[in-house]
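Labels A, B, C and D are assigned to the chains in the order they are written; within every chain, residues are numbered from 1.
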Amino acid sequence: MAPTKKVGILGATGTVGQRFILLLADHPVFTIHALGASSRSAGKSYEKAVKWKQARPIPDHIASMVVKPCVSAEFAECDVVFSGLDSDVAGDIEMEFLKANLVVFSNAKNYRREPTVPLIVPTVNTSHFDLIPHQRSVYGQSKGFLITNANCSTTGLVVPLKALQDAFGPLKAVMVHTQQAISGAGYPGVPSLDILDNIVPYISGEEEKMEWETAKILGGSDGKQFLPLQDTTVSATCTRVPVIDGHLESVSVKFANAAPSIEEVYQALDKYTSEAQALNCHSAPTKAILINRNEDRPQPRLDRELDKGQTVTVGRVRPCPVFDIKFVLLIHNTVLGAAGSSVLNAEVAVAKGLI
Amino acid sequence: MAPTKKVGILGATGTVGQRFILLLADHPVFTIHALGASSRSAGKSYEKAVKWKQARPIPDHIASMVVKPCVSAEFAECDVVFSGLDSDVAGDIEMEFLKANLVVFSNAKNYRREPTVPLIVPTVNTSHFDLIPHQRSVYGQSKGFLITNANCSTTGLVVPLKALQDAFGPLKAVMVHTQQAISGAGYPGVPSLDILDNIVPYISGEEEKMEWETAKILGGSDGKQFLPLQDTTVSATCTRVPVIDGHLESVSVKFANAAPSIEEVYQALDKYTSEAQALNCHSAPTKAILINRNEDRPQPRLDRELDKGQTVTVGRVRPCPVFDIKFVLLIHNTVLGAAGSSVLNAEVAVAKGLI
Amino acid sequence: MAPTKKVGILGATGTVGQRFILLLADHPVFTIHALGASSRSAGKSYEKAVKWKQARPIPDHIASMVVKPCVSAEFAECDVVFSGLDSDVAGDIEMEFLKANLVVFSNAKNYRREPTVPLIVPTVNTSHFDLIPHQRSVYGQSKGFLITNANCSTTGLVVPLKALQDAFGPLKAVMVHTQQAISGAGYPGVPSLDILDNIVPYISGEEEKMEWETAKILGGSDGKQFLPLQDTTVSATCTRVPVIDGHLESVSVKFANAAPSIEEVYQALDKYTSEAQALNCHSAPTKAILINRNEDRPQPRLDRELDKGQTVTVGRVRPCPVFDIKFVLLIHNTVLGAAGSSVLNAEVAVAKGLI
Amino acid sequence: MAPTKKVGILGATGTVGQRFILLLADHPVFTIHALGASSRSAGKSYEKAVKWKQARPIPDHIASMVVKPCVSAEFAECDVVFSGLDSDVAGDIEMEFLKANLVVFSNAKNYRREPTVPLIVPTVNTSHFDLIPHQRSVYGQSKGFLITNANCSTTGLVVPLKALQDAFGPLKAVMVHTQQAISGAGYPGVPSLDILDNIVPYISGEEEKMEWETAKILGGSDGKQFLPLQDTTVSATCTRVPVIDGHLESVSVKFANAAPSIEEVYQALDKYTSEAQALNCHSAPTKAILINRNEDRPQPRLDRELDKGQTVTVGRVRPCPVFDIKFVLLIHNTVLGAAGSSVLNAEVAVAKGLI
């Protein structure tokens, strides 16, 4: 079966853009049709324009593609446009694409808080696609729309929280501490002098993002507006660690209702499944949540590549002396935590007939 | 002024023992008189017996000292014995020394829970030395006694918690997440394959230690028994990170009373001072708590050596959406977190006339 | 096509053994039939016996296999036995297997210098299989034989040296400096305190191995004995670096004859091909030598996984002010540098009808 | 004794400038009088202008100094000016300072090849100060002059080479391989994504510098011109490794005359001493070369801080199968390899009465 949907990639030379290329180079539904980057890169072959930093080489048929400027006219033939743009330029460019009636899946943070733009983690809240007709009417588009995916750390967090909320009712409080990989900062990103034999206990804007994004993603929607959680408080501390890929998060949870047992938590996490899986999407993980019961897992280097990097691995579920339970999770920050979310979101949209 | 107190070091070839040697090699009060290690090392020169892993070389006058077996008869002339023994042997050896009427300051965990053994962090609870007369009577000793210092991570935590408790009354709940350096696991310790490009979210027994040690240290004493905190709950998550020295801890605190402002917290931490400082002990830090208001500090590589490694650096004090406040602290795990605590405890004991 | 040859793996729980399992778990010719390890592991399921340290999980059908002791009677049904044993036990065990008429491909160093045992790098000197009839006669075996593969660093070195020797005649002198990954030392292997923020400029026995193995591998054979190079001197310096996988080597070469141009060297390396490739062996790389002309390549993290880890990447070919040319190479030390060599050697032996 | 010479530091906010400040903040001869940096920093307090990346804090009396622009008028009162400027601006600024009759000690590469500018490693060729009268006459200065120090890697190499040349006569060939710390690239310098779990086998321009600088430094001078070595060929390979500080170099040497024994080499290195030591300069090392006979030393993390970072540690002297001998050396790249050389050079100049 040949791919049927033409896709474009904005910010194709960046770290997230490179991941889009690896995920889409050999995809059953999408075929890479256009690559966009800054005016400095436009006109060059992709191979010349990019500082490729992936452990797999540039796919042959992509290397020679000529990079285009990020204007909608150059992407008019694309059924889907993926954006890995930096936030300083994503705002204007993505809006121009949306207003040109294009379908945009963005990894940038710019429109995540927008009242008509869904913020979707593909194994959590694909129900929020229901707001697209309303979004189209607001922006006066017939087929274009704009979907954002969440911050990498938020994405890892909300998958098990959704499973717990579904199984045991509302969460009263969540305390989360992240240890985030350097690839999350892009390239050149974190200077090595800052992170070798070191930890940086601060990532600009990250803690706030985790705190409010969680409420929007785990909340409902009535087709016209989102209904963020009101009664779940989240407190986040975010740190940068000397790890290439894979964010580790330590989470404590207090339930609004009576707390489940540790075993009930394990079972609820294990049996959790998402619409993306039910729709048999190509990039959907086999398990939305992978349980590892070894006492010292998950670990970034050993677990980040599991299930195509689209799962969240959870371990060390145990009682919390202060809240009810605590556990550790791992998410591949540049796959499910970034480009992989966008791609899987787009696959769901295709399966739902939105594209 | 020549040093006046002869000291012995048990477990002198281990990681903690090496730190004891660096801290004591040129000390105004203590002079190294005897080194003890396992029977495999006994009889060898220290230089031959040790795998020295410090960035400063073995002090010349120590290199040629002959290592002794860890029996009290060999240490009879010592005014103070420091123990850096592993817990699998520390129990029997330290008790044999105590019963030989020797003064022992131990870094091992074995007797920390013992009802008559003080668990002292030198910039926090030197008031617990008051229990020594009772301990002597229990063990029938005239001058010998046994003091333990706390786990490295606990030590970092209780210094600012004591300052907060003193200033704002009892703490209702504490959530702490540690990122612990590899030197805390000794040598050979953590295999490099486990920690390069990786985090291990588990350290055996560490979380429990932080949870109960905090209650004993921050609680009172009536001269006959300790009165651990009853109403402060602590929840700890401990992880191992690829950092040589320096444990970083992220802490959220809920006060029993009305919460202070962020600025009040900063000021309470900044003005906090301890008996060890008041007694002008040689190894006491200038500041028990060092405030760093840069948004991305403290950091292990940049801050661990400050104030001789005997301070705790605190930064990022900010509101916690779930509790009252949260902050980040750094402790040098092998100085204040281990050997440095024992040495400073012994200096306090000398200043108090107990030795 | 179902696999037709049953294989056993000795030392199956070690680092090399784990790689054997990943390479053989889904192989078109070989099927894993028996796993052997120390008496401590024997009788346990593989999953229980192993400390699995690979980024891919244990294959499902292997996890439940029961580990056997390393005695030939337990491996009698195996067509091929791969040995990832440590050298302290490999000598006796492999000889017992050979004398039981079994076919053994060993990664251990014990028999590499043996006059009747071929030391084969699969993309270099598979011609040395010609000595097997003679070896069988010496050991009185009808079908069993023993093949060793080379040290990981030697393996990386000899592939381009063979290409240069074939193209430009004998090499007069070779100076090589290695930067070797920690996985080469097994598990627990290198303590993290020795290698974080550090380099260890010494690996026991490694320099000597590189110096003499090169001569045996690049030399000829007359079917009765090997004819090691006499006039090529090799000087090696070996260091351990904080890299997970992938040995980097810097090489300077002086030719016996007139030196080729840099471009001639690139072309000779690029067009070099081996018998393993000609025989279409499953694990053979597409290119025995992969040229990367970027000025800062090869690099371990970016290039080690190329071509299934069975190629040697070469870059930075340039004039040497002292010798003729110098260049940099990269080899995946646990694939082509260890288990991958054994597996490909065995595939060649099957293709040649020796098994 | 109060310091008597006022000094300025150009490029004071950079990595080398920060080292100058640590070395000079508490110096018996020099007192920091002026700090210069780019126009972006000029006018700010040093504390505000700098991104301080050292493990020791900014000295208190420096923190509040106001940064000046790098023009000679602002440094007119300085007896000595140290330059840690980047090479893209060092050329014009240093020349302007020289022509203003100021004394400049530069760490930049711009004038190292200049026929009238000495390139001095303080424990090697302070005899080259003899060319200063000639330099002054060429530039028409009465008291100003310009001295450069060498590249960090060259500096480490030439110290033992000088000892060998002095003891055993001319060197015929030198092959050197470096493993260079990230601090050598400044800040932000090497991106962490390039160097975690990785080696970069290329540093722009570095190999060429090592090859020609060695000839100038180890050559003579007749007071009017330098007489670089003609018959010593040097071949260098330079790599970047994940180490904070400390360059490790593996060296093979062929002597023009009969080769000494390994023991003779050790003794020649051990007894080597320099004019900087004879003059009792404050920053001179106790030993210009420190021998470490442990088989796995020197190592960056364990040996870089020895003797104030101003020594070169040498180990593993052994026969080279291709040349005569080989050995491993370690230099602290930002102390003796950069700012420490400049400071010690200036101390020598003061002792010689040139300032």
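Assume contacts are C-beta pairs under 8 Å (C-beta built on N, C-alpha and C of every residue); 3 or more make two chains touch, one makes a residue touch a chain.
Keep in mind that this is a model prediction, so the values were computed, not measured.
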Chains contacting each of subunit C and subunit D, listed by label
A, B
Looking only at C-beta pairs in contact, point me to the busier pair out of A-C and A-B.
A-B
Over half of the contact pairs shared by residue number: find the pair among A-C, B-C or C-D that meets that against B-D.
A-C
Counting shared numbers against all numbers at the contact of subunit A and subunit D, is it over half, same, or under half, different?
same
Looking at CA centres, what chain is most distant from subunit C?
B
On C-alpha atoms only, rotate subunit B onto subunit C and read off the angle in steps of 5 degrees.
180
So how far apart, in whole Å, are subunit A and subunit D when each is placed at the average of its C-alpha atoms?
48
Quick one: subunit A and subunit C, Cα centre-to-centre, how many Å?
40
When centres are defined as mean Cα positions, the distance from subunit A to subunit B in whole Å is 42
Sequence positions of subunit D contacting 2 or more other chains
53, 194, 196-197, 242-244, 301-302
Any idea which subunit C residues touch subunit D in the complex?
173-175, 177, 179, 194, 196-202, 211, 233-235, 237, 239, 241-244, 248, 250, 252, 295-302, 315-316, 320-323, 326, 328
Interfacial residue positions of subunit B with respect to subunit D in the complex
53-57, 196-197, 244, 301-302, 304-306
Name, in rising order, each residue of subunit B that touches subunit C in their complex.
53, 182-183, 187-197, 242-244
